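I've put the structures underneath this note.
Both complexes below contain subunit A, partnered by subunit B and then by subunit C.
Here is the complex of A and B:
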C-alpha cells in the first residue's frame, strides 16, 4: 500500500488540496449564508419554526439523493459539489447561529441601542462577538461533516478525494480497489482532524477572553 | 500611565451646572388605539443640574416616560425638549450618543474589557485614541476604581457593585449633559447599593448633570432626589416636589400610601452624615512604622487605628493590638467590607452600617473616597436628639401662637 501511495503521491496531494479547498470555501460561504439567515430568523421570530424545520429535515435527506436531484439543474462537475456541500454545511451553522444570537440578552441589545449604536454596529460589535463561540462550534461540526459530504459529491465528477473512493468501489475485486478506497478515506479523516485543530486555534484567537469558558 | 493625582473632571468651579433642562409637553404614548394610553398627557420640567427620581408602582409608565427622552420609545403625541431642542428633530442615534444611559446591573458587554466598555460612546463619536484613553482613566478614577488594576479586566472578573460603577462610568463617558438611569442599583445587595448611591451623589456634586432616574424604591428616591416625581397609573402626576415637601405634605392619599408610614424614620434619610460632628480618629498609612502610630493612638486614648492607603482612602480599621509588625500592613483580605460611608450618605445608612461595625462607629469618606473622619454612634444620636428637640420646640412655638 505504501508503494501504491508513493506512486501516486502528486495526485494524492493534488486531490487532498482540492478536497480541503472545496470544503473550506463551501463552509465559508455556508457561514455567511447561515449567519445572515439566523439574523433574519431572530429578528422576525415567526420565521424561527421554518428555519428549525429546514435545518433538522435537511440533515435527514441523503446527500447522494440530493446530489441526484441537483444533476438535472446544475449538471456535473464542481458546481453540484459546491451546492451540496454548502447546503449541508449551512445546516449546523444555522442551528447554532440561531441559538447563539438568541442567547444575547435583550438588556444588552437595549443598552447598545441606548448608547446610539445602529443595527449594523450592534450586530458587528455586540451580537456577532457574543454569539461567536456557539457559531464556531457549529462551524467545527459543519467542517467535519462537509469533509465526508464532499467525498460523496465526487460522484457527480466533482473534485477531491471522493473520486478515488468511487474508483475503488467501481473496481471491487480489482488489484488496487482497496488501496484507492482506503487511502482516500484515511486521507479525509486525517485532513478533517487537521482542519478541526486549525478551527480550535482560530477559536483561541477570536473568542473574547471575557466570554470564553 | 499616570498614577498621580487625577485631573479634575471640569475646569469650571463646583457650582457650575453642566446639565441641560428637560421639558415634557403634553406627552402621550399609546400602544393601541383602544385602551388607555401608557403615558397620558404628561407635562413636566426637569431643571438643569438636578437629580429627578421617577417613582411609582409597576406599570405606571415611569420607564416608558424615561425611554421617551432618548427616543428608545417615541411618543404618540406631544414634545420633549432637551436644552430647548426637540428630541424628535435629531437623528435617534446621534441623540443617544449625547445622552448617558445606565441600566440595571450596568449591562456591560461581557466580551469587552472595562476600558472598551467605557470607550464605546467616545469611539462612536470618533474621539481620538489619546483622548479616549485619558477619559477612561479619569472616569475609572471618578467612580473609585483604580485604572491600572481594572482597565483591562472583563466584566465577569468584577463584583456586582464594581460592574455597576463601570456602568455609571460608561454612561458618563462622552460627558453628556443628561443621564438617564433605569433602576440602576436594583441588582446589587443593600450595602453595596447604599455605597453606590453615595458615590453617585458625590459624583453629581462635582459634575452637576441633569439625571433622571427611575426607581421603585421610595427610600432611594428620597435619598438621591433633588426632586421626586410620583406617578400613578397612565403616568398621571400624583406629586412632583422636593423630598422634604413630599414627606411633610403628601399631596393625596396615594402619595401618603406610597411613601408609607414612619415618615419620622424616613426623615433620617434626609439628614446627611456630613451634618454629624465627626470624631478625629488616629490614622496610619500603609507602610508607615508602627511605633509612632501606637503613640498617637495612646495619646488620643483610642484602641483602634484607621489605615489609609497612599491616596488617603481608608482600607482597614484595626485594633492596635493587631499592629505587631514593623510597619503598618496592607489589609490581607482587600475585598472585605470596611464599614465606611460617604459624607453624603444619610443618617439612616450610617445607623445601618454601625449595627454591623465592630467599633460603634463608621468611617466617613469625602471626595474620591478620601478619609474625612469617624461618625460615632453618640454623635449620630446626639444630632437626632437635637433635631427632635428643635422640632418639638417649633411645634410648641406654633401652638402658643
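Here is the complex of A and C:
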C-alpha cells in the first residue's frame, strides 16, 4: 500500500486539495447564506417554524436522493457537488445561527441603538460577535459532514477523493481496488480531523475575548 | 451534545442544537415538534400522491417503464425498509446494552475512551466504510446491514451514556435506600428517565440507516438506490427524479416514525 501511495502521490495530493477546497468553499458559501437567512428569521419571528422545519427535514433527506434530484437540473460534474455539499452544510449552521442570534439580549441591541449604531453596525459589532461561538459550533458540524457528502457527490463525477472510492468499487477484485478505496477513506478521515482542528484554532482567535471566559 | 466533541453530529436536530435546547424532548411537545409530527406525513402524502399520479399518467418510453414498474419499486421499497429495520434493530440490541454497561460504576472510567474511539470512526465517510467492508467480507445484504449498523452505532451509544448520566443521582440513592436492587433501580428508575434521550439517539440511528441504505445497491444489497444508479447509467431524468423522490419520502417517513416512537416512549410523568 505504501508503494501504491508513493506511486500516486501527486494525484493523491491533488485530489486531497480538491476535496478540501470544495468543502471549504461550500461551507463558506453556506455560512453566508445561513447567517443571512438566520438574520431574516430572527427579525421576522413568524418565519422561525419554517426555518426549523427546513433544517430538520433537510438533514433527513439522504444525500444520494438529493443528488438524484439535482442531477437533471445541474448536470454531472462539479456543479452537483457544490450544490449538494452547500445544501447540507447550510442546515446545521442555520440552526445554530438562529439560536445564537436569538440569544443576544434585547437590552444590548437597544443600547447599541442608543449609542447611535445603525442596523449594519449593530449586526457586525454586537450580534455577530455574541452569536459567533454558537455559529462556529455549527460550522464545525457542517465541515465534518461535508467531507463525507463530498465523497458521495463524486458519484456524479464530482471532484475530490470520493472518485477513488468509486474507482475502487469499479475495479473490485483488481489489484489496487482496496488500495484506492482505503487510501481515499483514510485521507478523508485525516483531512476532516485536520479541518476540525483548524476550526478550533480559528475559534481561539475569533471568539471575542469578553465572552470566552 | 457539548459543542467541543470532534464529531460530525448525526443528521438530526438534537445533537447540533446547543445546550439549552437539548432537554426539549423531555418537556412537553413543543409547537415545532407538533408541526413536524403533523407536517411530515402531510408532506409525504403530497409528494407520493403527486408522483403516483405522474407515474400513472405519464407516457414513458420502454426503459423508463421497465425501471419504474410498480412491482419493482414496491420490492425495492421493501428491501430498503428491511435494511433499515435490521440495522436499527442490531444497533439497539448492541449499543444500548454497551451504553448501560459503560455507565455502571465498574466501567464508568472507560466511557470517555470508548466514546472518543467511536468519534474517530464516525468521521469516516459512510460510502468508504460500506465499500471497504464489502471488499473485505463480500457483497450482499448481511454486509450492508453490518456497515449500516456500524455507522448508526455511535448516536445510540452516546445518547444512552448521556441519558443515563443525566439521571439525578439522588434519585438513584433514594431508590437504593428504599431497598431496590441495582437491577431494579436500572429498570425502574434510570432507564425510564433516560428513555427520551435514548430514543432521540434511536431516531438519529434510523435516519442515518435509511440514508446509508441508499448506497446498498453499490454492493448488490438492493434498496431504492438502484433506481438512482439506473437513472444515471441509462440517462433517464424521470427515473433519477423518481428515485430521489422515493428515497427522500421513505427517509421522511422513517424520521416521522422515529418521532412518534420518541413521543410514545417518553414516560407519562415526563411529558
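Heads up, the rule we're going with is that the second predicted complex is superposed on the first by the 212 of 213 C-alpha atoms of A that agree within 3 Å, B and C clash if a C-alpha of one lies under 4 Å from a C-alpha of the other, contacts with A are read in each partner's own complex, and residues count from 1 in each chain.
We adopt the following convention: contacts are C-beta pairs under 8 Å (C-beta built on N, C-alpha and C of every residue); 3 or more make two chains touch, one makes a residue touch a chain.
Because the structure is predicted, anything quoted here is derived from the model rather than measured.
Trainee: Just from the overlay, do subunit B and subunit C fit on subunit A, or is there a clash?
Mentor: Pair status: fit.
Trainee: Once the structures are superposed on A, label A:211 by its partner contacts, choosing first (subunit B), second (subunit C), both or neither.
Mentor: A:211 sits against subunit B, while subunit C stays out of touch.
Trainee: A:178 in the overlay: touching subunit B, subunit C, both, or neither? Say first, second, both or neither.
Mentor: After superposing on A, A:178 lies in contact with subunit C but is clear of subunit B.
Trainee: Under the stated touch criterion, which partner chain does A:33 make contact with: subunit B (first), subunit C (second), both, or neither?
Mentor: A:33 sits against neither subunit B nor subunit C.
Trainee: Counting only touches as set out at the top, which of subunit B and subunit C does A:145 meet: first, second, both, neither?
Mentor: Second partner only.
Trainee: Just to be sure I read the superposition right, which of the two partners does A:111 touch: subunit B = first, subunit C = second, or both, or neither?
Mentor: first
Trainee: Is the number of subunit A residues in contact higher for subunit B or for subunit C?
Mentor: When the residues of subunit A touched by each partner are counted, C comes out ahead.
Trainee: Classify the contacts of A:47 with the two partner chains as first (subunit B alone), second (subunit C alone), both, or neither.
Mentor: Neither partner.
Trainee: On the overlay, how many Å separate the closest CA atoms of subunit B and subunit C?
Mentor: 19
Trainee: Contact residues on subunit B for subunit A in the complex?
Mentor: The touching residues are 70, 72, 92-97, 101, 103-105, 107, 109-113, 120-121, 124, 154-156, 170, 180.
Trainee: Quick check on the complex: what are the subunit A residues that touch subunit C?
Mentor: 49, 52-53, 55-57, 59-72, 88, 92, 95-96, 99-100, 133-134, 137-138, 140-141, 144-145, 147-148, 151-152, 155-156, 162, 165, 168-169, 172, 177-178, 181-182, 184-185, 188-189, 192-193, 196, 200
Trainee: Looking at the complex, which residues from subunit A come into contact with subunit B?
Mentor: 107-108, 110-118, 121, 125-126, 129-130, 208-211
Trainee: If we count contacts the way the header does, which residues on subunit C are in touch with subunit A in the complex?
Mentor: Those residues of subunit C that touch subunit A are 3-4, 6-9, 11-13, 15-18, 20-21, 31-32, 35-36, 39-40, 43, 120, 123-129, 131-132, 134-135, 207, 210-212, 214-215, 218, 225, 227-228, 231-232, 237, 240-241, 243-248, 251-252, 255.
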